[in-house]
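In what follows, a structure is listed as C-alpha cells, so that the remarks can point back to it.
Labels run A, B, C, D and E following the written order; every chain starts at residue 1.
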Amino acid sequence: MDQILNSLHYIKPEISAAIALSVLVIIDLIMGKNKKYLSIVMILGLLATTYFIIEQFGNSSFAFNSDSSKFGLLAVDSFGSFFKLLIILSSLIVVLFSITSYEIKKAKERLGEYYSLIWGMIIGMFFLVMSADLIVIYLALELLSLSSYVLAGITKDTLRNSEASLKYVIYGGVSSGIMLFGISILFGNTGTTNIYEINALFQTQQLQGLVVTLSALLIFAGIGFKISAAPFHFWTPDVYEGAPITITAYLSVASKAAGFALLLRFTKVTLIDSINTDGSWNLISLIDWKTFLIIISILTMTLGNFAALWQNNLKRLLAYSSIAHAGYILLGLIALSNEGLMAVMIYFVIYAIMNLGAFFVVMLIANKTGSEELDDYRGLGKVAPLLTVSLAIFLISLTGLPPTAGFIAKLYIFLALINSKMIIVAFIALLNTVVSLYYYVRVLKYMFLDKSEKEIAPIKINFANSILLIVLLIPTILLGIYFTPLVEFAKNSIALLGF
Amino acid sequence: MQNFPILSLLTFLPIVGMIFILSLTKRQEKTIKWITLIVTGVQLLIAIVILFFYNFSMAGINDPSSFQFVEKFRWIEITGLAWVGTIKIDYFLGIDGLSVVLVLLTTIVTFIATFASWNISKSIKGYFALFLLLDTAMLGVFVSLDFFLFYVFWELMLLPMYFLIGVWGGPRREYAAIKFFLYTLLGSVFILLVMIGLYFSATETLANGSKVFSFNILTLMDTANYTTTGILSPFNPNNLRFIAYIALFIGFAIKIPMFPFHTWLPDAHVEAPTAISVILAGVLLKMGTYGILRISYPIFPDITIQLLWYIGLFGMINIIYGALAAMAQKDFKKLIAYSSVSHMGYVLLGMASLTTASLSGAVLQMFNHGTITAMLFIIVGIIYDRAHTRDMDAFGGIANQMPIYTGFVAVAFFAAIGLPGLSGFISEALVFVGAFSSELIRTITIISTLGILLGAGYMLWAFQRIYFGELNSKWKELKDLELREYFMVVPLTLIIILLGVYPSLILQFMTTSVNALVKFMGDAQIIISSIN
Amino acid sequence: MTESVLIKLALLILFLPLIGFIVTLLFGKRIKWLYWFENSILILAFLLSAVLAYFKLTHFTDQTLISEFEWINLGSIPFVKSIIIDLGIMLDNITVLMILTVNIVSLLVHIFSVGYMKGDKRYNRYFSYLGIFTFSMLGIVLTHNLLMMYVFWELVGLSSYLLIGFWYEKKTASDAAKKAFIVNRIGDIGMFLGILTLFLTYNTFSFDKIFYQISTGNLPFGTEFGLTVAGVLLFCGAIGKSAQFPLHVWLPDAMEGPTPVSALIHAATMVAAGVYFMIRVFPILSGDALLVIATIGALSAFIPATIAVTQNDIKKVLAYSTISQLGYMIMAIGVGAYTFAFFHLVTHAFFKAGLFLGSGSVIHSMHHEQDMTKMGGLRKKMPLTYITFLVASLALSGIPFTSGFLSKDGILAGTFAFGSLTGYWYFAAVGFIVAFLTAFYMFRAIIMTFHGKPKNKEKFEHAKESSFVMAMPLVVLSALSLFFWYSLNPFNPNEGKLLSSWIKTPEISVPQSARYEFMKTDDKIINKENLEEVTYSNSYTEAIHHAHYPTLFTSASLALLGILFAFIFYQWKVFDPNKFAEKLKPIYLLSFNKWYFDEIYYASFVAGTIGLSKIISMFDNKFIDGIVNGSALFTKNFSAFTGKFDNVVVDGLVNMMAYISGMFGLFFRRFQTGKVQTYILFVVFSLIILLYIFR
Amino acid sequence: MTVYDITFYLFALITLGSAFFVVTIRNIVYSAFFLLFTLFGITGLYVLLSADFIAIVQLVVYVGGILVLLLFGVMLTHKITNVQIKSGTLQIIPSAIAVIVLAFALIKIFLSTNWKTFQLTAQNSSVQGLGVLLVNQYSVVFELLGILLLIALIGAASMARR
Amino acid sequence: MINITLYHYLIVSSVLFCLGIFGVITRKNAIMVLMGIELILNAANINFVAFARYGNFGNSGQLAALFVIILAAAEAAIAMAIVLNIYKTFTNINIDEIDTLKD
C-alpha cells in the first residue's frame, strides 16, 4: 500500500491528465450546447500537465513495484519524460490547430468528445512511453488506439471520414490482437510480463531463439502498426487521408512518437545484452533484431518514398512521407547505440515541428479552398505567399536540405549510422532522400511554378494563426543553423531506467 | 584588415539585402532592383578591397596559418556522450589563392547578372530575393573551410536555383529545374556520405588536449590527425578511401558537369533566364572543380594520384564530346551550354596533371570560362530578347543590323575559341603546357588538342550562321545595344582582353597556393604510401 | 643609334599598326576620313622600318639584339623547375629585312585599297583590319620566342579570317573565311604540340635558349627522333599557314576576300609566315625533318602548278601559283638552301603582290569580273597595268634580269646540289617542271586577259586604266621585281649585299649524327679562316656553286619554253587547247577540279565530323539523356507512364531513374487497394515471410 | 485417457469446430450462434485450467455482453425482414493458404519449444489472489482500465449518436 | 495421470488464432470481422491462462486474461459504434465495398 502511495507522485502528469479529462467531461456536460470554454479548459489542462512533466524530469525510478527490490510496472525516467513532453507539446499545437480547423468547427457539437478523446490518447501515450510491463503496454496501446479510432471518424460528415475510422479499428484490432498473442507467447516463455525481468531471464537463461523470434515478430506487428512501419503500414495512407486533418497531424506525430518510444524501450530494455563503453549496444543473440530492423527500415522508407511519388492528395502525400520518415527514424535505432538513440530523439523533435507545420499549412489552405488536392494548389504561391513559402520551408526541411532543421535530423541519423559502419544502409537512405525530393518539390512546383486555371481568391489568415505558423517556422530554420540546445536536451534525455 | 570579418560581410551582405527586399511591397520594383544592384556592387568593391589587402606570399591550402582574412570561432560545440566525444563545428572562413580568384569571379558575375536581370518582369520581389540568396550560397561555398559549413552553403544554393529556373525560365522550365535539382542533390548525397565518413576518421586536438572529431577541411588534410580505425583513415588497412574518393568525385563531377553526368546542363541552361544562365555557367560549374581541388585532392592525395589518368581521360572526353555535341546544336543557347561542357573539360585536364602550370591553368580557366561564358550567355540573351528565338538557322546577317553587338560577339567567340590575346588562350595554353609535361596523360593531352580545332569549328560555324550572310528580312527591326547592355558586355570584354594580354593580374594571386598544392600533394602522397 | 634605341624603334613599328587598328575600329563609323589615319600610320611605319633596317644592317650587321621581360611567373617549389614565361623581341638581319618587306607591301596595298575599296560601306573597318593584320605579321617577324610566335600566328589567322570574310554577306566569303581559319587550326595544333614538346624539354620558349640547349646535346625526349618529331610538328604550323600540301585547300577559297587583301595576306606576307617560321627554327631541324619538309614542299610546288594550268579565274591562277611558289621556298629550306629560301620569299612578296594588285586593277575596271574567259584585249585599255603585270609575270616565271630569276635560280641550284650530294634528284626534277609550268600558266593568263579580242564587249567598253592611287603601287612593285635591287650582276645573286653579307646560314644546333650527311661539320673547314661564313660542309656550297650555271641555263630555257607554249596554244592558237583538253580528259579533269581535294576532304573529314557530332548529339539526347526512350522494352509502358508524368518527366537518365522510381511507386501503390482485409492479408503474408527469414 | 483428457478434447472440439463455422458459415446469425459455442468451449478450457474466475468473467462479459452487442449490431445493420442475412467471403484461397501456413508454423514452433512446465497440482480458486494482485500491484492498471472504459463510453456514444 | 499437456492447449490456441485471422480476412460483413478479432483475443487468452497454469507463474496470467476480456468489451463497443456509423453513411457494412480511400 505504501508502495502505491509512494508511486503516486511519479504519475503526477498522468493524474493531472486524468483530472483534466474529468473536468472537461463534466464541463461539457454542464455547459451543454455552449462549447466556448472547452478549448480553454483543454489548453489549461495541457499546460498543467506540461508543468508536471517538466517537474518530473530527472526522476529515475520504478513505480508500482510490489516491493522495492522488484521491478515495477512503470519506469519513470528522463527518456519517458522527453517523449511525454514531445507528446504534450504536439497535443497543445494540435489543439491550437483544432480551434481554427474548419472540419472540427463543423462537428462542433462533438467538441467535448473530441477533446476528451484527445485526453484519452494522451493518457494512453503517457503510459505507453513509461510502462515496463507488457500488459500495461498492451492496455495503454489499446487506450491510445480506441481513442484514435473514434477521433479518426469524429466529424462523421464524409464517407472517407467514417471509412477511415472503420479501417483503422479493424486493422488496429487485428494488429493489437496479433501483438497480444505475441505477448502471451513471451509470457509463456519467461513467466513474466515485466520487460526488465524478461531481459534478466534472456541474459541468464538458455532460451530457444525461435519462439523468442516469433513473439518478437508478433509484438512488432503491434508496434509497427503504431509507427506505420512497412509492412504494417497499410492503414496509414487511408486513415490519414480520411481523418480530420488535425487528427492526421496528431497521429503522424504524437502517436508515432509514442510508438517509437515503445519500440526503443522494448529494444533497449528487453533485447539488450550489454552496453559497450563506447555506447554501442550488444543485443541478445536469440534473435537477429538488427537485421530485422534494417530490413523493415529500408522497406519502410523506400516504400513510403516511392509510393509518395504518385500522390495527388496532399494529406495522402504527407501520409506516405510520414511512413518514409518512420523508416529514417528506424535507422537511428539500427545503429544500436546511445548515439543512435539520441539521433532518433533529435529527429523526432524536428520531425514533429516540421510535420505539424506542414499539416497546419495544409489545413489552413483546406479551410479556405476546401481541398487538399494538389491540383487545387496551382498558383497558390501568388495569392498566399506566407502560407506557401512556409509550406515550402517545411517541405524542404522534410526533405532534409540544409540549412533547415530537417538536415540536422538526418545528419545525426547518418552520423550514428556511419559511426556504426553501416555505410550501405546510409547510402540507400540517402538515395531515398533524393527520391523524396521529387515529390516534395512537386508540391512546390504546383504552388509556385504552375498557373491556376481559375481565379483564386487571396487566402488571408488571421493574426493568431500567423503567429502559430511563425512559431513553427522559426525552429524549423533556427535548428538548422544552431542546434546545440536541442542536441543537449536530447543527450540529457537518453537515460533509460536501468540502462 | 586581416582581422576585420570581411568575408562574413561579403557573404552575408546579400542576406541583408534580401531581408530588405522582402520587407518592401511588390510595387516598389525600382527600389528592389536598385537594392540588388547596390548589394552586388558593394560586394564587388569588397572583393576588390580583399584583393588589395591580399598577401601574395601566403599559400593557404593545408596550412591554417597562411590563410587570409580568417574568421574562426566555435559554432556548434556539444560536449558529447562518452562514446562520441565532443561534436565540434567551426564557423571557419578564410581564403587562399584558389578561392580568392573564384570569390572575385563570383562578385563580378553576380554584379553583371544583376544588369542582366533588369528586364525581369514577373514577380520581381521573389526573383531578386532568391537571386541574393543564391549569391550568399555561392560565396559561402568559396570561403568556407569547414566541411560542414561548405556543405550547408553547397545545398543552400539548390533551392533558389530551382525556383529561378522553374519560375522565370523558358517553356520547359519545370522539367529543367527539377532535373537540375535532382541531379545536384544526388551529387550532394555522395558528398554528405563522404563528409560524415571523414568526420569519423580524423580528430583535432583541442586546447585542453582532448581529441575530437572534426569537420575542419584543413585538419582532414593532415595524415597525422587520422585515427587508426576510422573508415577513411589511411592507417586503417581496410579503409574505404578509394570508394569514398569516387563518391566524392561523382558528387563534384555532377556539378562540373563531367561526362556522363552532364545532361542536366543543356536543359537547365536552355530554360533558365539569361541572368541565371550567366550565374550557372559563370559560377556554379566552378564549384565542382573548386570542390575537387579544395577537398578531394588534398584530403585524398593517395587516391588522386592513382586516378589522375582517369581524371584526364574524362577531361578529354568532356572536351571532345562537348565540342562535338555543340556542333550539332541548332539552338544557340544549347550550343553555348555544350561549349561549357567542353571548356570545363580543360579544367579537368589541367587538374589531371599535378604540375604548377596545369593547375594554374585550370584555376585560371575557371575564372576565364566564368567571364567568357557569362558573356556568351549575355549575348544569347540579348539576341533572344529582341528576336524571341534562338534557332540559329532562323538568323543570318545580324552583323549588318547590329554591328556593335556583333563586335562584342566576336570578342567573346574568339575568346572561347582560345584566340591568343584573349583570356581563354592563356588558360588553355597553361593547361596544355602542364598536362603535356605529365608523361602519364600525354597521349590524352595530345588527343585533347583536337578540342582547339573542334572549338573553332562549332563556334565559327555558329558565328557564320547567325551573323553572316544576307540579312534575313525578319530582323530588319532589331536595334543595336542599349545602355544597360553595354554595362554587361563592356566590363567583361575588358576583363577578357586584359587577362589575355596580362594574365599575371590573376595568376599572381594563385601561384603561391598552386605551388603549395602541388608540393602538398607530392609530400602527402609519400607520407601515405609510407603508411601502407 | 644604340641597341636600345633600335629595340624601341622596333617596338614602335610593331605597335603603330595596332594603334591604327584600335582607333580606326572604334571611331571609324563616325569619322569618315579615318582611313587616312591608318594610311599615314603605315607610311610612318614604313619610314621607321627603313631607318631601322638601315642602321641594323650597317651598324649591327652581325649582332642579334634581344630584349625580353617576364610575363608570367608561376613561382617555384623545391625540386620542380620553375615556370617563367618571358616575352620579347629579337632583331637580326632577317627580321629587319622582313619588317621592311612587310611594311612596303602593306603600305602599297593600303594605298591601292584607297582606290580599290572606294565606296564600300565598311571602308574604315577594312583599313582597321589591315592594321591588325600588319600588327600581327610584324609580331611574327619580331618575336624571339615560340609562344609569341604562336600568339601572333593565331592573330594573323584572325585577321585573315576577318579580311577573307570581309564581304560576309556572300556565303562563299564567310565559308572561305571559316575554312581558312579551321584549316589553319589543324596545322596550328601540330605546331602547338611541337612548341609543347620543346617547352617540356627546355622549359623555355625562347629561340636562342632552345638552340643553345640543343647544341649542347639536350634533345627532346632524349632522342634524335624526338628532335625530328618536334621539327615536323613545328612544320605543321607552316603547312597550315603557308598553305602547303595537304592543307593548301583554304588558300584558293581565300580569294573571296578583296583583291588587295589577297595581295597582301594571301600572296606576299602572311602565307610566307610559314616559310619565315621555318627559317627561324632552321637550326633545330634535323636531317629527317628537313627531308619531310622538302618532300611536302615539292608536292606543294608541283600539284598546284598543275592545277593553275587549267583555271579560268584569274585570282585562282595566282593563288595556285602562290602555293606553288611557297612550295618552292619550303623545298629550298628542306634541301638546306636557307638563304635562297628567304631571298625568294622577299622577291616573291613583291612580284606576287604586284600580280595580285594588277589583277585587282583589272577586276576593278571589269566591275568585279574575274573569269579570264570573259576578258581579253585589255592591253589597249589598260597599258600601265599590262606592263606592270607583264614585268611581274616575267619575274615569277624566272626570266633573266628579274628578281625572280635570281632567287628561283638559287633554289634550283640548291635542289640540284642536294640531288648531286644525296641522290634525291626528284626535288630538282620537280623544280624544273614547275618552272616550266609556271611560265606556261602565267603567260596563259596574260594572253587570256590582255591579248586577243575582248569576249565581253559591254564590260570591255567600260574598262579603263586605274586611277593614280591604284597605279602607283603597281609601278613600284614591278620596279621592285627587277634584278638590280638585289644584285648588280643579273646572273649571280651572291654578289649582292643581301646574300653576300646580310643573310647567312645560321649555326646549326642539331647534333652531328642527326644532320644530313653533307651538313655535318667538316673538320677540315674548322681550321680554315672563313669558319663563320660557311657553317656546314663546303661541299654543299661548292655543289651549289657548280650547279649554278647549269641550272641557270636550264631554268631560263624551260621558262622561255613555257612562254612559248603559252603563245602557241593561246595566242597563235596553233593547237586548240580545248581539243587538247578533250584528248587528255582524265588529266585535264584532275587538274581542273583541283585534284578533288575539297571533295575528298568534305566527304571524309567534314562530313565525318559533322556526322559524328550528330551521332553524339543523338546519343546525348536519346541515350545518356534517355536510355528509356531508346530502350524498346520500356517504350510501351512508357507511353502510358508519360500520360501521367507528362511534362515533368520526359527523358533522361534522371528520367530513367524517375521512371524506375515511378514504376517502383506504382508497384507499391498496388498494395494500397483500399480494402482493409487485403491489407491484413498482406500483413499475415509478411509475417510468414519474416518468420521464415528469421527462423 | 482420463476424464480430464476427454473433457479437454470435447471442449477443444467445441471451440475449434464452432470457430470454424463462425468464420465460414454464410449466415450471419448462425455465425453469431456458433461464436456462442466457441466462447462456451473456451470457458470450459478455462475451467480445465483452474481459472474459475476468468471462466466466469468470460461467460458474463463475452457471452452476456460482447456477443449480445454483436447480435444487436447484426440486427441494427440488417433489415429484419430480410431473411437472407448472409455475408459473402472474399480472397478465400490466398487467405486459406496464408492461414494454413501460419498455423503450421505456429504449431511447429510451439511443439519444438521446450516450455518450462511444472507438474500440475490442484489449485484453489484464484479469485482471492487475483483480487489482491489487482488492487495492490496492478492498481494503476485498474485505474487505467477505468479510464479506458470511460473513453470507450465517450467514444462509442460519440460515434453511435446521430 | 493427465495426458493433456501444455502443447494441447497451444495447438488449440494457435488454431483458434488462425481461424480468427481467417475470419477477419475473408468475411465481407464488418460484424463478422469483429467476431474474428474476438477469436484472436480469445486465442491469446487461452495462452495466458494455460501458460500460467502449466508454468506455475501465479496469477498474473489470469489477470492478463481478465484485462483482455474487459478490453475486448470496450473495443467491441467502439467497433460496433463505428460499424453503425458506417451503416448510416454507406447503408451497408460490407467492408470490401468500403474502399473509397485508396491509391
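Convention: a contact is a pair of C-beta atoms (placed from the backbone, for glycine too) under 8 Å apart; a residue touches a chain by one contact, two chains touch by 3 or more.
Since the structure is predicted, the reported quantities are computational estimates derived from the model, not experimental observations.
Peer 1: Please find the path from chain D to chain E through touching chains that uses the fewest steps, and give that number.
Peer 2: The fewest steps needed to get from chain D to chain E is 1.
Peer 1: Which chains, if any, touch chain A and chain E both?
Peer 2: Touching chain A as well as chain E, we find C, D.
Peer 1: Compute the centre of every chain as the mean of its C-alpha atoms, then state which one is farthest from the centre of chain B.
Peer 2: The chain farthest from chain B, judged by C-alpha centres, is D.
Peer 1: Could you let me know which interface, A-C or C-E, is made of more C-beta pairs in contact?
Peer 2: Result: the pair with more contacts is A-C.
Peer 1: What chain sits nearest the middle when you go by CA atom centres?
Peer 2: B
Peer 1: From the C-alpha centre of chain B to that of chain E, how far is it in Å?
Peer 2: Chain centres of chain B and chain E, defined by C-alpha means, are spaced 65 Å apart.
Peer 1: Rounded to a whole Å, what is the gap between the Cα centroids of chain B and chain C?
Peer 2: Computed from C-alpha means, the inter-chain centre distance equals 38 Å.
Peer 1: For chain C versus chain D, what separation do you get between their C-alpha means, in angstrom?
Peer 2: 102
Peer 1: Determine the centre-to-centre distance between chain B and chain D, using the mean Cα coordinates as centres, and give it in whole Å.
Peer 2: 71
Peer 1: Give the residues of chain E that touch two or more other chains, as numbers and ranges in rising order.
Peer 2: Residues 6, 17, 20-21, 24-26, 30, 33-34, 36, 45, 50-52, 55, 60, 63, 67, 71, 74-75, 78, 81-83, 85, 88, 95-96, 98-103 of chain E touch two or more partner chains.
Peer 1: Provide the list of chain A residues touching at least two other chains, using ranges where the numbers run on.
Peer 2: If we look for residues of chain A contacting two or more partner chains, we find 135, 139, 142, 146, 149-150, 153, 156, 165-167, 170, 174, 178, 188, 191, 210, 214, 237-238, 307, 310, 438, 442, 445.
Peer 1: Residues of chain B that touch two or more other chains: which are they?
Peer 2: 174, 178, 182
Peer 1: How do the chains pair up in terms of touching? List each pair.
Peer 2: Pairs of chains that touch one another: A-B, A-C, A-D, A-E, B-C, C-D, C-E, D-E.
Peer 1: Write out the stretch or stretches of chain A touching chain B in their complex.
Peer 2: It is residues 276-280, 337-339, 342, 382, 396, 401-403, 407, 411, 414-415, 418-419, 421, 423, 426-427, 430-431, 433-434, 437-438, 441-442, 444-445, 448-450, 482-484, 487-488, 491, 494 of chain A that touch chain B.
Peer 1: Once bound in the complex, which stretches of chain A touch chain E?
Peer 2: Residues in contact with chain E: 135, 138-139, 142, 146, 149-150, 153, 156, 159-160, 162-167, 169-170, 173-174, 177-178, 180-181, 183-185, 187-188, 191-193, 237-239, 241-242, 307, 310-311, 316.
Peer 1: Under the stated contact criterion, what part of chain E meets chain C in this complex?
Peer 2: Answer in residue numbers: 21, 24-26, 33, 95-96, 98-103.
Peer 1: For chain E, which residues are in contact with chain D within the complex?
Peer 2: Contact set of chain E toward chain D: 1-12, 14-23, 25-32, 34-36, 38-39, 42, 45-46, 49-56, 58-60, 62-63, 65-67, 69-78, 80-85, 87-88, 92-94, 96.
Peer 1: Enumerate the contact residues on chain E facing chain A in the complex.
Peer 2: 6, 13, 17, 20-21, 24, 30, 33-34, 36-37, 40-41, 43-45, 47-48, 50-52, 55, 57, 60-61, 63-64, 67-68, 71, 74-75, 78-79, 81-83, 85-86, 88-90, 95, 98-103
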